[in-house]
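Some notes on the structure that comes next.
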Amino acid sequence: MKLGEIAAALGAELEGDAELEVDSLEPLGTAGPRSLSFVSNPRYVAQLASTRAGALILGPGVPGPGCPVLRVPDAYLGFAMALGLFAHPAMPPPGIDLTARIAPTATVGEGARIATGVVIGERVRIGDRATIFPHAVVYPEVTIGNDFTAHAGVVIRERVRIGDRVTLASGVVIGSDGFGHLPLPGGGVFKLAQIGTVEIGDDVEIGANTTIDRATIGVTRIASRVKLDNLVMIGHGSEVDEESLIAAQSGLAGSTRVGKRVQLGGQVGAAGHLTIGDDARVAAQSGIPNDVAPGATVGGYPAIDAGLWRRVSAAVQRLPELVRRVRQLEKRSEADGAAPGLDARSRDGSERGASARSRRRRR
Amino acid sequence: MKLGEIAAALGAELEGDAELEVDSLEPLGTAGPRSLSFVSNPRYVAQLASTRAGALILGPGVPGPGCPVLRVPDAYLGFAMALGLFAHPAMPPPGIDLTARIAPTATVGEGARIATGVVIGERVRIGDRATIFPHAVVYPEVTIGNDFTAHAGVVIRERVRIGDRVTLASGVVIGSDGFGHLPLPGGGVFKLAQIGTVEIGDDVEIGANTTIDRATIGVTRIASRVKLDNLVMIGHGSEVDEESLIAAQSGLAGSTRVGKRVQLGGQVGAAGHLTIGDDARVAAQSGIPNDVAPGATVGGYPAIDAGLWRRVSAAVQRLPELVRRVRQLEKRSEADGAAPGLDARSRDGSERGASARSRRRRR
Amino acid sequence: MKLGEIAAALGAELEGDAELEVDSLEPLGTAGPRSLSFVSNPRYVAQLASTRAGALILGPGVPGPGCPVLRVPDAYLGFAMALGLFAHPAMPPPGIDLTARIAPTATVGEGARIATGVVIGERVRIGDRATIFPHAVVYPEVTIGNDFTAHAGVVIRERVRIGDRVTLASGVVIGSDGFGHLPLPGGGVFKLAQIGTVEIGDDVEIGANTTIDRATIGVTRIASRVKLDNLVMIGHGSEVDEESLIAAQSGLAGSTRVGKRVQLGGQVGAAGHLTIGDDARVAAQSGIPNDVAPGATVGGYPAIDAGLWRRVSAAVQRLPELVRRVRQLEKRSEADGAAPGLDARSRDGSERGASARSRRRRR
């Protein structure tokens, strides 16, 4: 691609040769004379001196090392947009593979690419330009919008509803039964049939091997522009509102409400029947037992205000020392003529104090 | 369905019109005139006044808002039973699809529904009324009982044994190799062949993308009526005894013993070579390093008695304040004429104390 | 198998009948007269007296109970080697199944076993002796070395590179898109195309349903002899160096560097953009927010030195008691005529102190 074309695509101001041929977009360290690279973090500006990159995406005021520069208002966003120019994702051939099993009552829109072994059940409706990789399985009565992509091995269970421009990575399972089992007083476990469904909005992307369970009754809902990472678990009846991002291996128990623009770090767990307010941020591995206020930043297990959690984490590491200091104070206090004890009433002198001390030692 | 039929199926006492046609079972908020709904939690009884539901399942003594009522001893159990009346799960057509690959030495019982792309290996034995969705793969020499259901993409490795009425959600992998790798003193890693297997009892249900590894030698065992949620990991040689429930994303390392009727919350981890006693309950995200006593309720990382853990969690949040209070006591004690110090022997006055203090500050 | 053959294969010294027929390798407790068993842990030596095993693998100086003995320098390693003699893993038939879909431009080496429903994309190159189970999908332009094994349902995305003797368990997804989503200031979320790839070295084994994301740019790298357990998540741009072992359900966020011979316990999470040094060990469920020094042993959330973490965990459990003891000291100090307070400046007598106390109580 010519550098001038890239500049035009990014809306960048070009400082240098528009005819330069660029083959790849690479990190600073591995970029060569036919690579485009970028710096957005001020920490890495010093590395510009030694890069062999043929051209650079740079923000305002960052001096280039001499090669052509694509000058943009935000270098990271410029890089993000440039990625799209160099992407060449694999696609199944146009049309419907002869081995795909499309039910006679199913409808698939124009421009579909449906690969070998794909199964589409009765009364499924899929919009235009669907791209479905090998062996994905769509159970009956599912509805899917336009520009749908499902990678190899995706499974969508019956009656799930999916919007436009949704992408599902391999191994995603949508609409599996929720975990509803009632231990009976006399023994045995009663399975609750899961008769609800899952609804997914527009522009949603879901990572590999993530599972979203159908509701017991009603709907498990993933709103538009939500992005879920890999191996995430969304429990039955939960809702994730618009533009929220959930990192890998996080899990929502049943009936969790996640607001708009919430960000959950990796391996977060939320107990069910609670609400995480709009714009909240949750640190990785946090455990959320109760509601989180809108705009709050929380961390820890159980999760508390993130700033407090950082102070607590630092203090916890000094806890063995604190225990020694308290013991020391107790000894001092005792030596001053009073029993320390656990009990305010033990003012009966050193003997009682000594026996309290030796009891503690024996534990 | 007529309300009278539902009453009969639930063994409910009908207060109202037996001829009422009911189409769906819905939450109070979305229920309409042709919906059945329910209240079991006393918190929601007030909402009865405003529901548009056509009929309600209610427990003894709960006054209805005027519509017909199905009166039952336990409203939640009544609801649970009603769910089954409204379930209409997707099923593959009866018979064995022409594209399914059944080995000539495999046997499949009567009433099977085996979908496109299913693979059943040599010498596999499957009982009656099996329902196997597209692309599930059963390796050779597996034995499976009656009324088996495997959703799309399930994988069952060689020689696994499965009982009656078992349901596996999509993406479940049973009998994969255990994680047995021995780092060698001189470098390199020796892989231990995993020659054991997995045994699963009757009435077991396993959630989407859960994995159960085969034992190195011997058996990984899931007893009857155990229910595993999604993305659970059962390590090699572990055992889960009858009626235990394990929530999503929990993991058992190798050779963990889980007793009967145990309940593990989500994202719990159990170190290997330990026992969790019958009827124990483990809070979500707990880490279990050692045995848990039968009947115990534990939580935390590492897990301790759940009541203590709640008190500890509350106290931890006030730890920075506690540190300040101890420092204040030390200053008081020092001002009273003695060194605080970390060491009981430092009774030599303010100079030593001051230097101990400044050392602490320098950290 | 005759015991003499086993002795020869293990390089063991045989004490007893070389002609003894052995059918299986079993734990001490279930071993019968035609089973071989072993003891490596001194704790279990006492059980030798009651075993019914036909023969035993024992280390130097461990007295046998009378049956034939295979004497080896390290009984556990001897057992590990013996496992290989009793393994008989399932294999697809030799050759390429007629239903496998191999692109015309793909090349597959000699000795392949490629099962029903396998899909191999354009320009894929696979070495000799590949074993690929049903429905595994290899996207275009993937390169794979010799002696490759992929179990049913594996998915390998476009352009991934894999070395020799690599084994992928069922449900593994290699090269799925990294989680790169940029919330825009004015609303909306911009998806970063993920144009990098994944490289996997030699002798790597990857557990069921584990996912390894492709880098945004550059490479996500898994070095030779790395072993990953089930349900592990390797984020985009991360690197795991030689001979490291990562237990189940652990996750690395983006751009994490894991050194050589590192061992991560189960459910560990590492924040991105950090380095875990060579030979480090991380306890199960730890959360790693920062670099870990080479050779360090860490645990906790956030992770700290493992020895300190053990002491801290013990001290934390006594924190409610410590709070009571500090309150007691404050009361003593106050009774001695001074205000305790949170503030060193509050030396104004008992009234102020009392009001501080009552404020604390009201919380």
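Here are some notes:
So that you can tell them apart, the chains are marked A, B and C in the order they are listed, and the count of residues begins at 1 in each.
The working rule: a residue touches a chain if its C-beta (ideal position, glycine included) is under 8 Å from a C-beta of that chain, and two chains touch if they have at least 3 such contacts.
None of these values were measured; they are calculated from a predicted model.
Taken over every residue number at the interface, the positions common to chain A and chain B amount to under half, indicating a different-residue contact. Copies chain A and chain C of the same sequence differ in orientation by 120 degrees, per CA superposition (steps of 5). For this pair, chain A with chain B, the centres built from the Cα atoms lie 22 Å apart.
Shared contact sites, meaning residues of chain A that touch two or more other chains, fall at 117, 135, 153, 171, 209, 231, 249, 267, 301, 316, 319, 322, 326, 329, 333, 336.
Across the complex, chain B is touched by residues 25-27, 30, 76-77, 80-81, 83-84, 86-90, 99, 115-117, 133-135, 151-153, 169-171, 203, 205, 207-209, 225, 227, 229-231, 243, 245, 247-249, 261, 265-267, 284-285, 301, 313, 316-317, 319-320, 322-323, 326, 329-330, 333, 336, 338, 340-344 of chain C.
Per the touch definition, chain C reaches chain A in the complex via residues 101, 117, 119, 121, 135, 137, 139-141, 153, 155, 157-158, 171, 173, 176-177, 179-183, 187-195, 209, 211, 213, 216-218, 231, 233, 235, 249, 251, 253, 267, 269, 271, 287, 301-302, 304, 308, 311-312, 315-316, 318-319, 321-322, 324-326, 328-329, 331-333, 336.
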